[in-house]
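Labels for the chains are A, B and C, by order of writing; each one numbers its residues from 1.
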Amino acid sequence: MLHSVNARSPWVRTWTEIRGNKLAFLSFGIVVATALIAVFAPWLAPHSPEAMQLVEGRLLPPFFMEGGNTSHVLGTDATGRDVLSRLIYGSRVSLCIGIVPVFFGCLIGIPVGLAAGYLGGKVDEALMRVTDILLAFPSILLALIIVAFLGQGIFNLMIAVGLASAPAFARIVRSAVLSERNREYVASAESLGSATPRIVWRHIFPNITSSLIVLFTINFASALLEAAGLSFLGLGVKPPTAEWGAMLADGKNYFYDGWWMIVFPGIAIFLVVMSLNILGDSLRDALDPRAAKR
Amino acid sequence: MNRRHLGKVLGGHFGLLLAASVLAGTNATFIPSVAFGAETPREGGVLIYGRGGDSVSLDPAKETDGESLNVCDNIFDTLVQFKLGTTEIEPGLAESWSVTPDGTSYTFKLRPNVKFHDGTPLDADAVIFSLMRQHDAKHEAYGYAKAWNYWNDMGMNTLVKAMTKVDANTVKIELARPEAPFLANMAMQFASIVSPTAVRKFKEDFAKNPVGTGPFKFVSWTKGERIVLDANKEFWGQKPKLARVIFRSIPDSSARLNAFLAKEIHMMNQPTPDQVATIKQRRPDASVMDAPGMNVAYLAFNVQKKPFDNAKVRQALNTAVNKDAIIKGIYSGMGMAAVNPIPPSLWGYNTSVKQYAYSIERSKQLLKEAGFPNGFKTTLYYMPVSRPYMPDGKKVAEAIQADLKKIGVEVSLSTYEWGTYLDKTKNGEHEMALLGWSGDNGDPDNFLHVLLSGENTKPPAANIAFYNNTRVTDILRQAKTVSEQSKRASLYQEAQTIIHKDAPWIPIAHSRVAMPMDKRVNGYVMTPNETRRFNTVWLAK
Amino acid sequence: MFALVVRRLLFSIPVLLLLTLVLFLAVKLVPGDAALVMAGERATPEKVEYIRQALNLDKPWYTQYGMYIWRLVTDFDLGQSLFHDRPIADLLSTAVPATVELGFAALVIALPVGVVLGIASAVFRNTLIDKAATSTALAGVSMPIFWLALILMYVFSIQLGWLPTSGRMSDEALFDPALDSVTRMYTLDGLLIGLKTGEWEVFQYAVKHIVLPAVALSTIPMAQISRMTRSSFLEVLGQDFIRTARAKGVRPSMVIFKHAFRNASLQIVTVSMLQAGTIFGGAVITETMFAWPGLGKVLVESISSRDFPMVQSGTLFVGCVFVLFNLTADVLYGLLDPRVKKGA
């Protein structure tokens, strides 16, 4: 019975789910639009993201406020850089910083978790102890240390955040495997003499996809937020690179006289992260066989 | 229990007293002066000073950072001290002193009946103990610090020859050579007199349990949070009005701003220029004091390289730079255009020297006279880091680049990692370079001799203009040996006139230091050398 | 069970040794003369020499490592902070309780709120309640923590003036942390004083100071706990035995709380335990925002001041704590789901 539901490709069901759910469709649109903005940034941005105007043009408000103008639609920052252009260019770095580490984390974490959970025994013990080492470092601390020792930069940041997200994948996958393993259908498959990789692939993997998607979503969100946090601490991307988190950090001193420096990048992060989360939830509904049945 | 009681007096009792007197006031014709606030200095109250970091330690001879030294300012005294708000020397723990005519022997007569906070009397032994622990490797307390930084940085280790106790209240210090700025050095925090009893008792931990003679005494230190000092009612000088001072550490600058706006702190150290604007707008009940910092930012021409060996060229470039725009746009107004190499807060500043007025025509004219009617090409090094005297070297360089382009001088910009930058400029690899200096002891010698004497042009040189005018060098050397300040001042003024004409630098700016404070804070005085002393401060209700 | 705990603890020892080695080698990896790098701009020869000796940099690295471990094991000596010039244990003893207090306060908010939100939205799936709860969780997990902190500060401190923006204790309070604090957690101190003397002023001050940072810190764990609770509840509610129970006529609330909760708690516990890391990560930022002198702030400061002994020992300490956390998670896991023991 379970298998009959699984017969349709998860991707077809994903698309159907997105099409059928207005909120998910909207979120999907936002994510795709942001990606497109990132790709076409040079054609979309009205100004260079790094061009300053020191004497005239610092802290210009958005166009709809007194003193603002339509050349700088969302105003300018403390050194007279165009906020809209920085937002547009910032989407490149911010999206990369969010997604690359999570893929990296998946690539390491999933095999480890599957192996540990399924093989059990000594292998499990050893893998989980190594996972403990990584998990023992709160990811932001790991990132801080990597940045402290290797220096500031996007690449180091992504390694750090990615490495930090791997153990969470491993653990969740392992715990899911442990619960699944004990179910009758796996036990029966085992007793029927199926090969281990086949059991993992056919019986266990499909059943933990939902957990993985939820986790992927959460990690994408936290990676984005973590990058913002590191920028806030002055350890993220190097200035003058435009990145949403770094823009927020720049703006924190201007909460009162330059709210647009905080509000717009904040909204950008919030929107993208929120959309990804909504999307993830919807996908979960679509791909989780049991939830989908109801 | 006792201390808790004191706390009660501080926290609750004053409120009660005030309420009582206000109630009394409504009944009778007598109106208590506190109701009016500002007129009479009020006794008591807790001042909360918000700053950007915790102290490293509270031994003034060990540390070089402001957050450590500013707490020490209130706990300790020096033999001689800077007259509040100036760089002039006045008696401190020494009520008088004399110098031998050859300028190599100083005799300090100590103020009688001064006691340390722990009851130890201040005497010649305490003075010698405090200074010798930094000087003599065999001293019992020498090993209590990993390095006595300032003592060595200021060259005291080679300058001081001997220290002797003449009698219980007289100390004689002999120098290896005449050095007039020695007196100013003795007013710096590292020369603070510490309680020998306490040092012997606490050893290395004296830095956590400081005992001095100053207007406030150490109460407690919660690492990362706050340091509490209470009034020393037996203080020999102007007795503190405040009952207590709390140094709160709030490292994040926006958090500090919020704490000030929410009225959690009375004073806010190190606001950015834009934060000052915010405070003025959002807290009309606060005032913002500001004073020029004891520093200078400058562009040095390498006068050994063509075409900067020509004074006319240097003058032309001086005339072409629009300093006011730099101050407005890059310093956000928190600075003043520099005229001389020393800031105006220093004694010996020459007020008759006038700025090269900004004029493109005049500049072009000068260039033509110098033989460069069509300008020339050159390079400018700019600092990769933000310094107190120059918030953003890159932007300053870009502004200068744009200015010089108007007179036909094409400037290309380059920078290096900070250590390399200092190295390269000290070795004279540059044609033009941006740099600056923060003064140590408020003596003009500390600027002029260090930065512009011909004696300092040998690489690695502090004089990165490699300016070597024998007359100026002579004057500066002479000023070191004369001990009378007025005579020294006129020597320094003469030097400034010559330097201005020779124009080895474009003096750019002296940055200003701002201090936002609650309107209730009265009597605070800003000092050129950025000390923070609170015995003159009182807090209105 | 006892044997399991002992075994896990024993297994943790090589893990921690490996951790010290990795950290130790990381310090060695710093390019250039480590002593000079640490001494920085104002490096005097004395200072460089001092650092070199303090860290035994003149000896080969394995000797240095051996000495470090030896001192750690025999004297429990974490070494000396170069920047603060005092024992690292000293610094940790004030910073750790501050972070624990803050983290605990955040969890006190996050756990019940998260679990209730999660259960509510699972039980009332696809209703307005579900939508509201899910949106709250979504907003919580999508919000940059210092954005929220700024807004909280603006509203509650600056506009309304109800709560302080920074620090752990009012400066006007009679309570002097350095002298009066017993537990180094001021809310607990305040509670003790209140119970003993009947004066609750200190407690009130402490609570007022902890509310905003704790709320800011609680959002992400709260949201994640609620999301996990919801999804695991849905999974459990969809399973055969629950449907069987329902079919048998067991009351719905009983079904949820007895069966579903017990089954879903497995994942909730794992996620909550994993939140300890999130909380610490968030604390690094929250502590900076609210001038809360905890471990996160101390570590960030030691990184920026290149105080490598502090980084090394501080991280080791954090590592130990989190290894213990994971161990606890595993043990709880075993307690709650007897089946797991078979697999382990």
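The working rule: a residue touches a chain if its C-beta (ideal position, glycine included) is under 8 Å from a C-beta of that chain, and two chains touch if they have at least 3 such contacts.
Computed from a predicted structure; not experimentally measured.
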Among line, ring, star, complete and other, the chain touch graph is complete
When all chain pairs are ranked by how many C-beta pairs they have in contact, which pair ranks first?
-> A-C
Chain nearest the global centroid, as defined over all protein CA atoms shown = C
What whole-number Å value describes the gap between the mean CA coordinates of chain B and chain C?
-> 41
What is the distance, in whole Å, between the centres of chain A and chain C, each centre taken as the mean of its C-alpha atoms?
-> 22
If you average the CA atoms of chain A and of chain B, how far apart do the two points sit, in angstrom?
-> 48
Can you tell me which residues of chain B touch two or more of the remaining chains?
-> 254, 258, 261
For chain A, write out the residues touching at least two other chains, lowest number first.
-> 252, 255
If you look at chain C, which of its residues touch at least two other chains?
-> 150, 154, 288
In the complex of these two chains, what residues of chain B are touching chain C?
-> 3-4, 7-8, 11, 46, 48, 54, 56-57, 62, 64, 146-147, 149, 152-153, 207-208, 219-226, 228, 246, 248-252, 254-256, 258-259, 261-262, 264, 418-419
Chain A-facing residues of chain C, complex | 11-12, 14-15, 18-19, 22, 26-27, 29-30, 134, 138-139, 141-147, 150, 154, 220, 224, 227-228, 231, 234-235, 238-239, 266-267, 270, 274, 277-278, 280-281, 284-285, 288, 299-300, 303-304, 306, 311, 315, 318-323, 326, 333, 337, 339-340, 342-344
Per the touch rule, the chain C residues reaching chain B in their complex are 41-42, 44, 46-47, 50, 83-86, 90-91, 94-95, 98, 150, 153-154, 157-158, 161, 164-169, 171-181, 288-291, 293, 297-298, 301
Where on chain A does chain C make contact in their complex?
-> 117, 120, 124-125, 129-130, 132-133, 135-141, 144-145, 147-149, 168, 171-172, 175, 178-179, 181-182, 210-211, 214, 218, 221-222, 225-226, 228-229, 232-235, 245, 248, 252, 255, 262, 266, 269-270, 273-274, 277-278, 281, 284, 288, 290-291, 293-294
Quick one: in the complex, what on chain A touches chain B?
-> 52, 54-55, 58-59, 78-79, 252-257
